[in-house]
Amino acid sequence: MLAIELCGIKLKNPLILASGVLGLNKNNLLRAQKGGAGALTIKSISLEERFGHETPNVAFFEAGMLNAFGYCNPGLEEALREFADLSCFSVPVIASCTASNASDFVKLVSALDKLDFAAIELPLSCPHTPGHGLLAGQGTVEATKEIVKACRKKTKKPLWVKINASLPNAVDIALAAEQAGADAITCSNTLGPGMVINIASAKPVLAFKVGGVSGPAIRPIIVRTIYDLYKRLKIPIIALGGVLRGEHAIEMLMAGASAVGIATGIAIRGPDIFKKCCDEMSEWLKKHDYKSVTELIGVAHE
Amino acid sequence: MNEFAKHMIKTGRITKIVEEAPNIKTFELSIAMHAEPGQFVMAFLPQVGERPFALTQAGKKIAITVKKRGPFTEKLFSLKEGSFLGIRGPYGKGFSLQNVGKACLVAAGIGIAALIRLAEELAKEGASVTLIFACKSANEIIFKERLEKVASLHIATEDGSAGFKGDCIELLEKVLKKQSYDKLYCCGPEAMMVSVLKLCEKYAIDAEFAVERYMKCAVGLCGHCCLDEWLVCTDGPVFSKEQLLASKEFGRIYYSKSGKRMRFGGD
Amino acid sequence: MLAIELCGIKLKNPLILASGVLGLNKNNLLRAQKGGAGALTIKSISLEERFGHETPNVAFFEAGMLNAFGYCNPGLEEALREFADLSCFSVPVIASCTASNASDFVKLVSALDKLDFAAIELPLSCPHTPGHGLLAGQGTVEATKEIVKACRKKTKKPLWVKINASLPNAVDIALAAEQAGADAITCSNTLGPGMVINIASAKPVLAFKVGGVSGPAIRPIIVRTIYDLYKRLKIPIIALGGVLRGEHAIEMLMAGASAVGIATGIAIRGPDIFKKCCDEMSEWLKKHDYKSVTELIGVAHE
Amino acid sequence: MNEFAKHMIKTGRITKIVEEAPNIKTFELSIAMHAEPGQFVMAFLPQVGERPFALTQAGKKIAITVKKRGPFTEKLFSLKEGSFLGIRGPYGKGFSLQNVGKACLVAAGIGIAALIRLAEELAKEGASVTLIFACKSANEIIFKERLEKVASLHIATEDGSAGFKGDCIELLEKVLKKQSYDKLYCCGPEAMMVSVLKLCEKYAIDAEFAVERYMKCAVGLCGHCCLDEWLVCTDGPVFSKEQLLASKEFGRIYYSKSGKRMRFGGD
């Protein structure tokens, strides 16, 4: 009932662990696998080890959260060691990598291509890390084309491009990625950036001052962007933004997503959020006489 | 309160600062919070950082007891009464206190911060509490008065300046030989906890340990605090003897600020 | 303690009724005046009467709301009758008008200039009304300059330009408005647009399908934008987005706002939200040893 | 539930449709909701619209009773049992029932929808309820059985096909002359309510009226529903005799879909 196929990859359910949460190492991923995720994305890897920003890296507000970790990660070399053997996983594992320019992306993709990842995701859309994503000018049609074209040559694995729904031309960027050879669009990275001020001290909470906004706050903007993308794209869309319940995932599918990612929801419902959402989805499908979750994709357009 | 709002930073003023030892201070804050012994909070200093600490007092006013170690704790030590401090939490799961008639607590150094409220709660529940407290030297023994009220206190110092001279493992084994306990609770440096864990196995005592790992988020997202597949921030910081015996990483592996796998004591 | 001066206008407190809510007529405005607002903005007026979109015009989600009224308003002629006599108001009343092009804006501003409004606001930033705001291409540096320059010639009243924090170049647009003669920047209009799908019927809730996002969901993005604007602008900033409590208004002021608007909050705390927020602000100021609300402006930058 | 979530549309299936009269149907929905008599909900049909209706049943299942008038109600009338309908609310403030021994309810036409639950609640609270129900003709008299259980029913029809022949004002004055009441409650076309208000003044009876205005948001934002400085959606729809006597707009002014000031009965 929940099984889907995405870029030729079979998933037992459409809920994917999003990049950046519980994805530092295999331990983390196993935890999300046990929690019922249909696929697992590793935290974005850079060429070199990165220690990221000072804490606080997270700031909460009543409608979601901000984060600015600064792409802390142990670097490519360590990642290649860590993820060399993926035989402990029963669900597909997706690589993610970040860089400042096309040539570094090519190095990363070439290396990650050698491992058993089911797909490789390129986040060209982080709104709050200097030298990466939007702050490296990757949120344009031109940069997207250049990076995706270059990476496309280095791997036959499905290549997913993660965009940012904040951008008024998000659809054009997704189309550029599609044209350059992307196999799916992941939408969206965190929005903003935003800022939360601790008024007692009159200072921003985050050490980096600003951070990407995630959680329920951003869901309607993501739903609308998925709806817009679905009208124009031929390749599948993976939706993320504020999914906390099975009903939210269903909303994303109806807007046009083929699969749904979850990040922030884990802070609220724990790593078992995947199982919980799957149960909620199954129950809803039964109650509403759907046989398969795939019947939902894009139905809000009818 | 909503599920996100509860993670927002609460700010309070420092209402009292107690110098417990040359390098240890207790900060009492005008923030009300209930927490189980063993749970922790994230303390926030704007433009300095956010760090995990146990609560050494809860209820109408909370307190943290801090050992000076690096940039955050140094800044904290420079604050005066009346200064603001931010707190979010409580986080994690605490110690379990059920059905404990005779408890043995083992603390080393600042590890006492995680056990002081446990000792008091256990005593309140009617348990008899034995506490083994190991320090480098006599001037690091804190909370003595509070502890003596609720526990039979056994002190060990490395330099012999108070109590038993030697490490707490020796002292603990002596105690365990003499007397049986329903449960042991432990907090201290990981190498010491590994030794205590071994003794618990040897003497077949049920036990719980408060473990520390590098923490960035405290809400189970970043993954930095992992211990095997567990997350210390949400599954811990308290782990059972069985969990730690099954662990491949306890006493061996932690993850650095970058998320790199590190070995205790260096590579 | 709460009094401010904004573009030479004296306000007894910095909380302004935002355009579009309780601003259809004098009855509405009187209600907000009674509720304690420091100033009142009328709903944006167009040249002709507009009936707006079919209902639903509002859609809620757990972190805020979407609206798409489609600029329903009785039109300029009726507005000139309605607001001819503003003597019943003890606080400043601000005009707002919307049009598809500079020449219509000029007609509106010329007419509104004759009445006793304390200022005129130009919303060049509605994200969801065809022929207006962003959907009329007004969210660019060029269009902003053109419209503001043209209107500037027609009035000596303070001219406020309302921008949209969704746009990556929001700061550039604000600078363009300042250069073209704007006296203040209002930031922000609703974000997005967003979409909420009623999953039982697999249809968007709003009749217009998409709508502008307001409420707590957008606050951190607005705070960050105000922070960015404050660093670059010389003219004052009026912040709006998700202010529900006095503490939220304080956060906006600390980020750099000189005054704070409230729209969505009225649905949650009623028209007395202004009084309630003022009480919360006063109490906070006392507790934290501030003598005047003006001391807060921009302090998060220190 | 959070303050925004409570305004989200709840969707339920139509579990029963009752044809009350040629142009009036009751739709029972599988949605649980508590509401005071006099409060209303916004009913939602995707891509058709959203409109205000009183609840003629509340609790485990709610019901609305609808007169066919235009696009929304026509679409609603075409639905079958099992169809989905969306609801948000309840909104507004209801009638006050305190300390009412003898109540006189006056309904005209579909106005009965706002009063049926009030009649039942008053009876449950022990009040004696007199209900004057005015319709064009006998076939528009709905809820007869339900009403007879809780009230002494006086019917007036314009064509005399049932009960008193004539309008309800005449009938009401007759009733008021005979008997005194603690409180009068009224819902019907605004011109009729204006006449009832006058009688209430004349006979010095405390009274409440359920008023209708064009509604777009129901949460006090859009301002379309204003009656003087009040908002019918949040301050109403129930208003007291004193409020309406003080009103400059009751019976005279409402605001159209564009927000234009309109006169009842045309300019």
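By written order: A, B, C and D. Residues from 1 in each chain.
Simple rule for what comes next: a contact is a pair of C-beta atoms (placed from the backbone, for glycine too) under 8 Å apart; a residue touches a chain by one contact, two chains touch by 3 or more.
The structure displayed is predicted, hence computed values, not measured ones.
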Checklist entry - To get from chain A to chain D along touching chains, fewest steps? => result 2
Item to check | Set of chains whose contacts include both chain D and chain B | outcome: none
Checklist entry - Centre to centre, by mean C-alpha position, how many angstrom separate chain C and chain D? => result 36
Checklist outcome for this item: chain A to chain C, mean C-alpha position gap in Å, rounds to 34
Checklist entry - chain B to chain C: how many Å between their CA centres? => result 50
Checklist entry - Where does chain A touch two or more other chains at once, residue-wise? => result 59, 61-64, 199-200, 203-204, 215-216
Item to check | Where chain D touches two or more other chains, by residue | outcome: 2
Checklist entry - Are the chains arranged, by touching, as a line, ring, star, complete graph, or other? => result line
Next on the checklist: I'd like to see which chains touch which, written out pair by pair.
Outcome noted: A-B, A-C, C-D
Next on the checklist: Give the list of chain B residues in touch with chain A in this complex.
Outcome noted: 2-5, 7-9, 11, 42, 44, 46-51, 84, 86, 88, 216-217, 219-224, 226, 228-231, 234, 249, 255-261
Checklist outcome for this item: Within their complex, chain C touches chain A through residues 61-64, 66, 134, 139, 166-168, 191-197, 199-200, 202-204, 209-210, 213, 215-221, 223-224, 227, 242, 247, 250-251, 254-255, 284, 288, 296, 299-300, 302
Checklist entry - Tell me, which parts of chain C touch chain D in their complex? => result 20-25, 27-28, 30-31, 34, 43, 49-52, 54-65, 67, 69, 72-75, 78, 82, 198-201, 203-205, 207, 215-216, 263-264, 266-268, 270-271
